Structures are given as C-alpha cells and as structure tokens.
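In the two complexes below, subunit A is the common chain; its partner is subunit B in one and subunit C in the other.
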Partner chain A sequence: METPELTGNRMKKYLEGGKRFDGRGVEEYREMIIETGVSANAEGSARVKLGKTEVLVGIKMGVGEPYPDSQDKGNLMVTAELLPLSSSRYENGPPKFPAIELGRVTDRIIRESKFIELNKLVIKEGEKVWTVFVDIYSINDDGNLLDAAGIGAIAALKTAKIPKYDEKEGKVLFGEWTTKNIPLSKETPISITLHKIGNRFVVDPTLEEEDIAETRLTIGRTKDNISSMQKGNPQPISIEDLHKAIDLSEKMYTEVFKRIEKVVK
Partner chain B sequence: MNERKIVIPGETIVKGKEFLPGEGTEKRGDEIVALRYGLAEEYNNLAKVIPLSGVYQPRRGNIIIGKVEELTFNGWVIDIGTAERAFLPLTEVPRYVDKNGLHEVIDVGEMAVAKIWGINARGIDLSIKSRGLGKIDEGLLFKINPNKVPRVIGKEGSMIKLIKDETGCNITVGQNGWIWIKGEKIENELYAKRAIIFVTEKSFMSGLTEELKKWFTENKK
Partner chain C sequence: MANKEFVRDDGRKFDELRPMTAKVGVVPNADGSAMFSFGKTIAIAAVYGPKELHPRNQRDPAKGTLRCNYNMLSFSVEDRIRPGPSRRSTEISKITEWALGPVVMIDEYPNMVIDVHIQIIQASASTRCAGINAAAMALAHAGIPMKSIVSSVSVGKLDKQLILDVNKYEDSVFDEGEGATDIPITFTSDEKITHFQLDGKISNEQLKEVIEMARKARKEIYEVQKKALKEALN
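This part shows the complex of A and B:
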C-alpha cells in the first residue's frame, strides 16, 4: 500500500528543518555497496545496494546484424525487469510503465553519453557487429532504483570482458573470454536522480520519500556534460529549480564517482 | 514440547492420538500437520502454529486502520489489506451525516481507525461507534507485517505501554499492521517508530520487553 498523505505531511514538515526520517541530510546517500563479478556466466555483472535497495545488473554479448541506420556501429540493448520478489507492488507479466522507464532511462544514459564506443564493436561492417545486452533486475525496492540501476550498469560494463569469437564458424564461444574489455570512453556517465519534496531537493530517496515526492528529475551526466534527462511525476519543474538541480547533480557526481572508482579501477 | 520450533506447511508437529489440532494445523491420521509457516507450539495436548508470514486474517472485534477507497450512497469502502472489501455504513457513524456530505466526515484517500463488527459472505462490516475510533487527522502512519502485531503489543499490552511511556506518544496499533503514532514532536514519533521496527526485527526473541528496555537506554536521544 502506498504511503498515506498524513505521513507525507509529517515528512515535509521535518524536511523543512533539513532532516529526513532516517536521519540523513538532504544531500546524503545511503550506504552504497557495489560488488562486481557476481555472475560466473555473464560477461560482466554488478550488484548494487543502496541501503535496502538492491539491484543486479548483468552484461551479455552476442554477434548480430547491425541496424540499417547504423551499419558501422555495434548494438546496445538495455532491458529492466522489476521482479515481484522485490516489492509487493510488482507482479509477474509483461513489463509495465516503471520497468520500461527504468530500462529506457538507463539505456539513454549509456547511449547518449557515448560511453560505449560502439564503432569499435564492428566485426564486419554492414554484416556483423557485437551486441551488448545490459539486463537489470531489481532484487529489493526501497526507492531510487533508477540510480542503483545506473551505477550497476556502469560498474558491470567497466568490468566486462568480450567473449571469444570463432570467425570461421561465425559463432561466439560462450564461457571463454578474451582479455579485452568493452571499449569505453574515458568519461563515466552516472545517473543522478533528484526528488523534490516540499521545496527541497533530496537525493537517494527511500520508497516512502519517492511516494510523496512532487517532481522527479533524473540527470545522466559526466563531470562536465549533461547527456540525458528524464522528468517524472506529474508536477512541473520551474527554471530556477532546474538550475538548482543541475548544480546539485554536479556536486553529487563527484561523490558517487569516487565510490564507483574505488570498486572499478 | 516447551520450545517453539519453526515449521513449514506440511511439516509434522507432533505424533500421537492424544493431540488435538489448533489454529493453523490439521489432523492427518495420527499426526498434527502445520498448514502455515510459523512457530509451532504445543500446550495441554493442543498443537498450534503462530504464523510468521501471510496476509491479515480479519477477526470480529479487531481494531484496524484503513484507507478510504470509495464513497457510496450509504457509506465508505475501506481498504484494510484483506482480500474482501471492508464497508463502513452510514448507520455506524456516531453522528448525523448528510447523504451528500460523506466526504466531509471522511474523504477518499484519508485514513481511519475502525472496528470490525461483523464478517459475512458480502464482506467485512466496520464501525466507528466507540471511543478512539474515526478519522485520523494528523500523525505518522506506517505499516508492519500484520503477523508481528501481537509482539508489538506484548503480553497484556506491556510492550506498547513501554514504548508509549518512553516516547510520550499516543500509539494506535491496527491488527492489520498499520500503526498510527501521534506525539508532540516529530522526533518523538520517529523515536517510537524506530522502537517498533526494532521489535518487529527481533520478533523471534524471547524476553523481548527486557531487550527493548535495553534498547531504550542505549538509544536515548
């Protein structure tokens, strides 16, 4: 069941003093644990925990035909699944709006920042290219799946190894890996999601906070560039707020980037 | 058997003709078999299971907290977390209500404390005709696992009394798992919430009231 309005009112009042229900400050993340290499069969994988929120990301690679409009580039596919075990709000069946959004927002952050150098994933131009599959699974949802998925995807991509490919047979030898990493750009994009509650922006909200937030803004950015944005929830966002959010996202970027770097050299 | 043990559905609790099946159990031949996941207990030849998971089972006389889903011409439909819908009829409200003014008493989306006064084939009937029942105006509301409500209340209300005394808050525990805390300061309400969450996390422990007293001295604000 969703968070009642009364609890929301209490939360907003408490937030006016700059304090959150779990004792954090407005610009403070929960404890972040990033593990890589959690799956033996995947090309790359990561488990991200943000407090009670937990997300599993796996990378698989395959060989396929390029799309007609990008003959000289590899393919990227990002899908997300919100498992029923992660929250009482999700059910089995075809993906619904939140799952599709989670996949597409993460896709856009990776694609538009040109993080993966897709033009280096070509085997034979116009015929054979590598396809990178990024699969996101929610293990537990206590808010801020968007950021957890974004961080997980980056960590998994950074540690992924390209599998061996038999050119004569035209087959990928799954289970055997080359020493090559997926070609990535130097700048790492990270998704920073900000929620506006009352008249304050908070980072890394819990499920309760997500429920009562009026506006949500996901910014996919590197240190100096913003490459993608996604706005959620029905309430509009003003221009001043947008500027504030962008400044805040820059601050948060350095903090989150440090933690990712610690795990992925 | 003095110690409680964890059983899963289908597991034999005790064997022997002298035993009787209690709540959450079934007799199969000579054996008493658990029907739910929980703690098995046997006392005076009666075996029962205290469930640890599952949805709330409504009982007559239970105080519950629910959210108003819908207004009809003669009452309110309230979601209390059960499979059946609960209905609060106009006649069970202790004052005169205009037929077009139902939303002035309790509107859609608002929360209310109510009592179950009947369960029948049509659903669950509620009442707010006693003291302490009715719409919730302000405070902190959150949900816990309904199976842990007995631990939060404690023996004859000992646990909840301890939390109330230590935090100075008014606390209403709905049998369906919703808890309403109202205190003078938000800090006190959060303090009470943390204490309740501590109880739910340690619900398998025996001597939990003592444990909670220790927690209060350690976590004093």
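This part shows the complex of A and C:
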C-alpha cells in the first residue's frame, strides 16, 4: 500500500512552492511529545510521538563478558522491531531490512558519538562488564521512525538507572535500582533525517512523503560534530546537496535539542 | 475457603481488582485499537482487517480466519526478554484466538483474515487477560461484527486463600503451603466461558468458588470496556 503516483505528483507540486500536505514548512517538525518512565520494569524508557508516529524505547541492562576486542569496555546492543501492530506494511517473522537498518543506524548514533561512556561500565576488566540493551518498538508508523527512535533512545538512556548488582553472587538484582545513572557524555547526539523530494530537503516526513522521497540522509550529530551518517534509497545525491544537508542538519540540531532538553534534564 | 478479611501484599481485598484503565484508538494506523490495563500490567491491541489472506492456500472459503499474535516487549519485565516469538507467546496467541473466536462473526468474511496484534508494554502478571480485554475492544473499535464482548480475568489461590486479579508477587514470588495457583478465565457478555487455564492445585469445591469470583469480576471489567468504547464514539 504505497502512496499512489497521483498523490505523489501532487505532493511534489506542492513542495515546489515550499508547501506540504499538512501545512508545515519544509524545515518544520510535527508536534513532538516525549514521555519518559513509561515502563516500570525497564531501567529507563521513553515514548516519542512525532505527529501520528509513535515509538517506545526501553533500556535493560545485564552483566556479561566483554567482547574480545574491547576487554575494558561495557557492551551496547541496539535492536529495533517494526511491529505488525504499528502498520499494515509490517508482518510477523524474522526482522527484514528496514528493522535491521533502524537498529543499526540508531546503534551508530549512540556508539560513534561515544554518548555512553562504556569504559565506565566495567565491573572486572576482561571478565565482567555491563551490557546496555536499547530496544526500539514501533507503535504507529507515520514516517520518520529513524528520528523518533534516535530521540527515544537518548531520552531513555538519560533517564535510566543502573540496577543493583550482587558482586558475591555475581547476579543482577533486577527490579532494584541504584541511584546511579548510566555514565553519559555531556554532548547529546541527535538523529536528524533529511529527505530530498524534488529540489528540496524536508525534515520529519510523513509516511507518504517518505514514499515519494528520492534520497534519504540520516545524520547523527552533536552541536559541533557529525559522528555518523547513512544515506538511504538508491538515488544519488550531488555534492552540492550534501553540503546543504550538512548545514541544514546543524540548524535542525538546535531546533530539536531545544525540544528534548526540557524532558531529559 | 476464602477468608474475607485477607489483606494482600498490595493492600487489596481478596476479591478486589487492580485499578483498570481502558482507551480506544491508541494506534491510528490500525482499523481498530485499544489499550487495557490492570494496575501495572498494560496491554495494547491493534486490529488490521478484514483483508485478503496470503498465502492463498491458507484461505477458507467457508469462513474467515482470526489470527492473533501476543508478544511482550523486551523491557516489559525485569529480566529482559529476547525479542521474537517464544513457546510461551505462541501458546498464548492461540489461546487468545480461542478466547475471542466464539464471539467474532467470522463466517461473514470467507477467504479473508482479521489480524489481532497484542503487545504487552509493561508486565505485572495477568498479561494474557489484559491482552484479551484490549483485543476484544480493538475488534469492536474496528467495527467487526461480534455477538458480544469478551472479558478476561485471573483468579489465584495463595496456599488456601482465593484472590482476584493476580499480581506479580502472587504469580511468581509467593511460595507457602499449597503454593500459588493461577486461573485465567475469559467470559462472553452472556457469561459463557471461552478460555480457561489452570496451573497449580485446587479442590473441586474451591474451583467452583473461583468461577463465581471470576463471573462477578467479569461484569466490572465489561463496564470499563464498554465505557471506553462509548467514549470513542463521542
């Protein structure tokens, strides 16, 4: 049930004049609602709504062995599920590419910006470290899950508490929490996804807009630095456009950061 | 025998349900959707369909197919669940189909399928009951013709004491005397039973009491479901 060509053509026509179907400007986000602490059994959790799009993100922690190539660091594992509950486009079964990409892109936004200070999550070097699980679920997909998931992951991580750990028994006391937060860097990375439709970049696309976009660029960045990028869709992008996108992402960062700041502080 | 003075770990009386909330229309993409909670147990359900069933060889020309899928979010419990289906979720999905099946007028949709997706957002026991309650509401919200709405509740037995709407402590921590028994039951609104499970140990006598307790609770749950559905119409 893709967006029909007729609708697509009309949308493109509108966009030429800088207008969108829902009346927004091209650099305007939909209403963003962020709630934290939405699941009592998670170490941290967040619900993010961008217009009709909704995702749930939960943080769980566990104790395990470090990876052979990072003996002095905790582990991070990000997974995403596109629930059939959230759209008629998704089906049960093993994760398909969009779900895998959503998890992996969000993983890199967190990992490459060094947002979690994984070196502080070591219990005994080379033997026992914390694993941070970031699990993302779509509840209603009306476009831009990538940004909703990125924002949700950050909000959930910022509000998470580390569970108690019994060192003698070597067991995590699930359901009991310390007062400690997960060690995080001061700079908050945000996922900014830009879609090129016709000759314009739009932010926060609806599902219909995603369908007709020629190129997609997800930029994981802090105020001053970009730490991860992913270009999606098979169409090429010009160097000039790439420059534009980079500049636009900086502007959008300030915009989005303002909105999430209140919630996660 | 149920001791009427019994006070539970969360302060409830033996025959008291946890506070319930219900809301319709929580997933805008779906044809029908609902949230239902018993205290800290929160379930959401979304209905897609009736729609064509694929693959074609699964189609039934005599009647439609009701397909339920129950799943718990990985962080809905204290000890993270690995994402994806498990033996437990597969069984509960089927049980849910059976619980809802008798009231859904599926004969009207030959060759079609109605998908019911249930997600447990936060778990504190009785998740299948909350899921069934949410699913029944979501089906009604989707405008699927039904003979009645089903309502589901769990009755427990702690040692010899009967309790209504089992919570997490009562489900997985309590272990004294005869131990804990968990009995989830689902009723139609004319009080036929469409789902019954039992794990533990109980006498014939007491089991009859259990059914009576669940029957009374059914009415309370039904009122909450009905109210939320009516609110959605306004």
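Points worth noting:
What we mean here is this: the second predicted complex is superposed on the first by the 265 of 265 C-alpha atoms of A that agree within 3 Å, B and C clash if a C-alpha of one lies under 4 Å from a C-alpha of the other, contacts with A are read in each partner's own complex, and residues count from 1 in each chain.
Please note the rule applied: a residue touches a chain if its C-beta (ideal position, glycine included) is under 8 Å from a C-beta of that chain, and two chains touch if they have at least 3 such contacts.
As the structure is a computational prediction, the values presented were derived from the model and not from experiment.
Superposition of the two structures on subunit A leads subunit B and subunit C into a clash. More residues of subunit A lie in contact with C than with the other chain of the pair subunit B and subunit C.
By the touch criterion defined above, A:Phe257 reaches neither subunit B nor subunit C. In the overlay built on the shared chain, the residue A:Leu6 is in contact with subunit B alone; subunit C does not reach it.
With both structures placed on the common chain, the touch criterion links A:Tyr14 to subunit B but leaves subunit C unconnected. Looking at the shared chain after the overlay, A:Tyr29 reaches neither subunit B nor subunit C. Using the contact criterion defined above for the overlaid structures, shared-chain residue A:Trp177 touches neither subunit B nor subunit C, since it reaches no partner.
Once the two complexes are overlaid on the shared chain, A:Ala42 sits against subunit C while remaining clear of subunit B.
Subunit A uses no single residue to touch subunit B in one structure and subunit C in the other.
Contacts from subunit A toward subunit C in the complex involve residues 38-43, 45, 52, 54, 56, 58-60, 62, 79, 81, 83-88, 92, 94, 133, 135, 137, 139-142, 174-175.
The touching residues of subunit B, counted against subunit A in their complex, run 67, 79, 81, 109-111, 136-143, 186, 189-190. Contact residues on subunit C toward subunit A in their complex (touch as defined above): 26-30, 40, 44-46, 48, 51, 69, 71, 73-80, 83-85, 115, 117-119, 121-124. Residues 1, 4-7, 9-10, 13-14, 21, 208 of subunit A are the ones that touch subunit B when the two sit in their complex.
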